[in-house]
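In structure tokens below, several structures.
Same chain, two partners: chain A is paired with chain B first, then with chain C.
Let's turn to the complex of A and B:
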């Protein structure tokens, strides 16, 4: 079980203005859950993912809040404790897998490096495990002897997923795992990932800018805007109707395949500058339902029956603004 | 395997072209060495055709058609016969080079290797701890030393350590009272004489190695596979060496092999400033005395070593980088 509580990430800038990429995020991922995280470029979704895995360079930023994995706070851990936990509990998969492998080492060596670092000593056991994983991701175990540049983009991403599962992690964070791939390969990889997840029972944090893809892949979705989670729900609830105006706007970017006439709407305007202090709701300038309260007070996360939303439209319903 | 065969073929081809150019170039120049010498003597008095012929025979000037000269030239090279040196007459060119080569190879070769190893290791350290104290001071210091003109550093060292402090000899490869034989006495003297030349080369060249490696490594540290290696919980040393330095080293290897190739050509400036009895000094002597056979042989050896060094760089690169070996990245 992963719990993130009031997590802030502030990038320090040498020119004085620091940028808050993640602004007080709260959520939790129960064991064995496929969680999606959607947002547009620059909303802080990758920063959030890397912050959870403690992969951000602490010299350039400030992190506050807590990331609890089974009750242990990763933010407070020493680097030695972290190193033990890395990959064993939390693994990551990077975008496209293009440069995710050391170009001078064979695929097999990159697997064995991890396994050795975590004390898996016997060579035959390791070889067996790697071959088994490659079969899980529908690849020929002979690829073990290949170098990364000999694989196609889709193959690399499958290998990257196999590599992430090598130590049976509790949580796999995938940062835009299919963005560099075409839609057919994308779909195949997502389906494979879902199957592996059901089978091996790890939880997933699937980060993507593509709401359609996330809705297809995930059980629960979080929508991020300007460093905050604005809405979180099970996929089927969100499909019945988005709560937050931003999610609604995102959904309207997709066409209904059954409609006679397709009309797409974009979202006018652009996200706010996160290096400046924000007053009120960050979505106000682009929101079609903005009220005067939205400009003054920042909406707080409000737990609903099956999800959560941070929007004054709902605070009002629950008993008025300003509590 | 195919890669190495291709590279060997390329080596032989370029070598042949270089040798042929080395044959053609002196023949494109007007006159010949005997005429040049004759012109000098003619100032003192008239020269008879018999004397001119005798001189041509003594110097071994070529006769016959260009074609037969060329075959003669090729076979001479294969037999290591480069003729007689004019300036060191009656020593053969091979003997003169054999005397000079070890000095340069040992001193300049060792220093080149040493500065590369030390510079690269420090570069790795600086990049890994970038922005920290060592990195920021090393970057400034070594940018400074690598910009110093070599001859100035050498002269300052001679002035300070040789002349004022009198710690080290100011010139030569060994003490004039000894003869070059293999014994401790001579070796000690040679090492003592090599300290200043070695130090000056080391100081002026290490900056390049350090900064080159540092900058390359910092680029490599931004790659995804470094991030992934850290996420995998690999030890700091594994990430720094096996993942980052290993990849950052690739472009550096070429530079290093090139500088090794330059070793045989000698450090012309160093050997001139220190009157060090190596290849560079020999080259300067040959140039000043219009010693054509020696020059031609020196050019041959310099070309050969540069080509061999390039070949070595290609081979090492092939071993280090699988993408090159298999004929280019896809």
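Let's turn to the complex of A and C:
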């Protein structure tokens, strides 16, 4: 079980303005849950993923709050403790990571490096494990002997996913795992992930800017805007009707491609500059339902029956704005 | 805002015609037929979507149309230009008439040039305007692509622009020399859905305003439908279906086109347990022992389609004749399909 409490991440910059990329985020991922995280480019999704896996270089940033994995706070851990935990408990597939394989090493070597570092001993056991993982991601184990450049983008992404599973982690964070791939390969990879997750029972944080994809892939969805989670819900609840106006706007960017009437819309305006202080709700300038309170007070996360939302439309309904 | 009539004449007449275009890449390891007898046209002022998965030959076709690459066989013409026979000296002049917009708006811009410099350069190089004229014209173009207020944007560099703004700049640079044809290779696939519509709409407005035609390359049939008049579906370098976009999407015949339609993320359509998987592997309820056929093909082991239908290896309708001979495009003026088992 992963619990994130009041997490803040601020990138410091040498000359003046620092960027608050994650601004007070709260959520939890119960064991075995396929959680999606969606939001526009630059809203802080990767930063949040990195912060959870503690992959951020803390020299250049300020991080506060807590990230509890089975009750242990990762934020307080030493780098030695973290190294043990990574891959083993939490694994991350980086955005564009499929292009980050060491080009001169065979696929097999990329796996054995990780396994050796975590003390997985006998060579035969390792080979067997790698072959099994490759079959899990529907690749021919013969590919063990291939070099990264011999693989297509889709194949490389499958290998990256297999690699993340090598030590049976409890949580796998996937940052835009299919963004660079075509729709057919994308769909195949998402279906494969769902199958693996059901079978091996790890939990997933699936990060993407594509709400349509996240809704197809995940069980629960978190919507991020300007460094905050503005809505969190099970997929089926969200599909019945989004609560936050931002989610609603995102949802209206999609439609049935074969429907008679084609709706193809965007969201006017652009997200706020995270290097400037924000007052009130950060979505106000683009929101069609903004009220005067929205400009002054920042809406807080409000727990609902099956999810949560941070929007004054709902604080108001719950009897009054603010606390 | 009125566009300068001299520069943006709306009387464009050049038709892009591809006839039996074949492109073969050979190296020591293997021979790849990237395009196989591709034939279609893009009429002036029309938007044609070229749709297909990764490796289907889309970029190769774009490179041939822009003259960067020569076809192995077949002919390509744009109006008077015999594109497949251009010498490098002629190529520079030809570039004025065909402009490219690439997928990655960041790497296709020079990071040291400001917005204004980026647009001014093609105006001076291709239209031979002097600096003053070019600057005026550039500001006009910035208005057209809505990089406004222009005085704020003129001196920004690419890293100071958002993804959507960068792609606007790429488009501005492309329309600057008043081309006959724009080839846009996945112009929105790296952008957020929230700004995609905006860029596609801009391209659409520009062709209406300037009369240019557009070859819109994508793997996403949804955005193709939002944009294009016609569609050409490419599979392993073969045109498997083509025609009027509405017609093809609402009555898709080729199993591959249908696969592309199913693969579009569509949260409203409840996921049905399909008999065959989108990646082409037979129903794999649990961990399939065999890799997806698609992947085997990419790895260069399975060479189905050398003789028969290029799609046979992944097709659920496959029958005897599919392995024996290649089908050809048949159908009506508005819709054609190349399949032994399906017709319009």
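For the reader, a short list of remarks on this structure follows.
Here is the rule we use: the second predicted complex is superposed on the first by the 316 of 323 C-alpha atoms of A that agree within 3 Å, B and C clash if a C-alpha of one lies under 4 Å from a C-alpha of the other, contacts with A are read in each partner's own complex, and residues count from 1 in each chain.
We take it that a contact is a pair of C-beta atoms (placed from the backbone, for glycine too) under 8 Å apart; a residue touches a chain by one contact, two chains touch by 3 or more.
Keep in mind that this is a model prediction, so the values were computed, not measured.
Clash-free side-by-side placement of chain B and chain C is the outcome of superposition onto chain A.
The superposed model places chain B and chain C at 70 degrees from each other around the C-alpha centre of chain A, with the value given to the nearest 10.
In the superposed model, A:210 lies in contact with chain C only, and not with chain B. Measured by the number of chain A residues touched, the leading partner among chain B and chain C is C. By the touch criterion stated above, A:195 is placed in contact with chain C alone, chain B being left untouched. By the touch criterion stated above, A:117 is placed in contact with chain B alone, chain C being left untouched. Of the two partner chains, chain B is the only one touched by A:149; chain C is not. No C-alpha atom of chain B lies closer than 9 Å to any C-alpha atom of chain C in the overlay. Looking at chain A, you'll find residues 150 touch chain B in one structure and chain C in the other. Those residues of chain A that touch chain B in the complex are listed here as 53, 55, 59, 82-88, 90-92, 94-95, 98-106, 113-114, 117-118, 147, 149-150. On the side of chain B, the complex with chain A involves touching residues 131, 223-225, 227-235, 238, 242-243, 246-247, 250, 320-323, 326, 329-330. Residues of chain A that touch chain C in their complex: 40-42, 135-136, 138-140, 143, 150-155, 179, 181-188, 191, 195, 199, 209-213, 215-216, 235, 239, 249-250, 253-258, 262, 264-267, 270.
For chain C in complex with chain A, the touching residues are 53-55, 162-164, 190-198, 200, 219-223, 225-226, 249-250, 259-269, 271, 277-279, 281, 284, 286-292, 294-296, 298-299.
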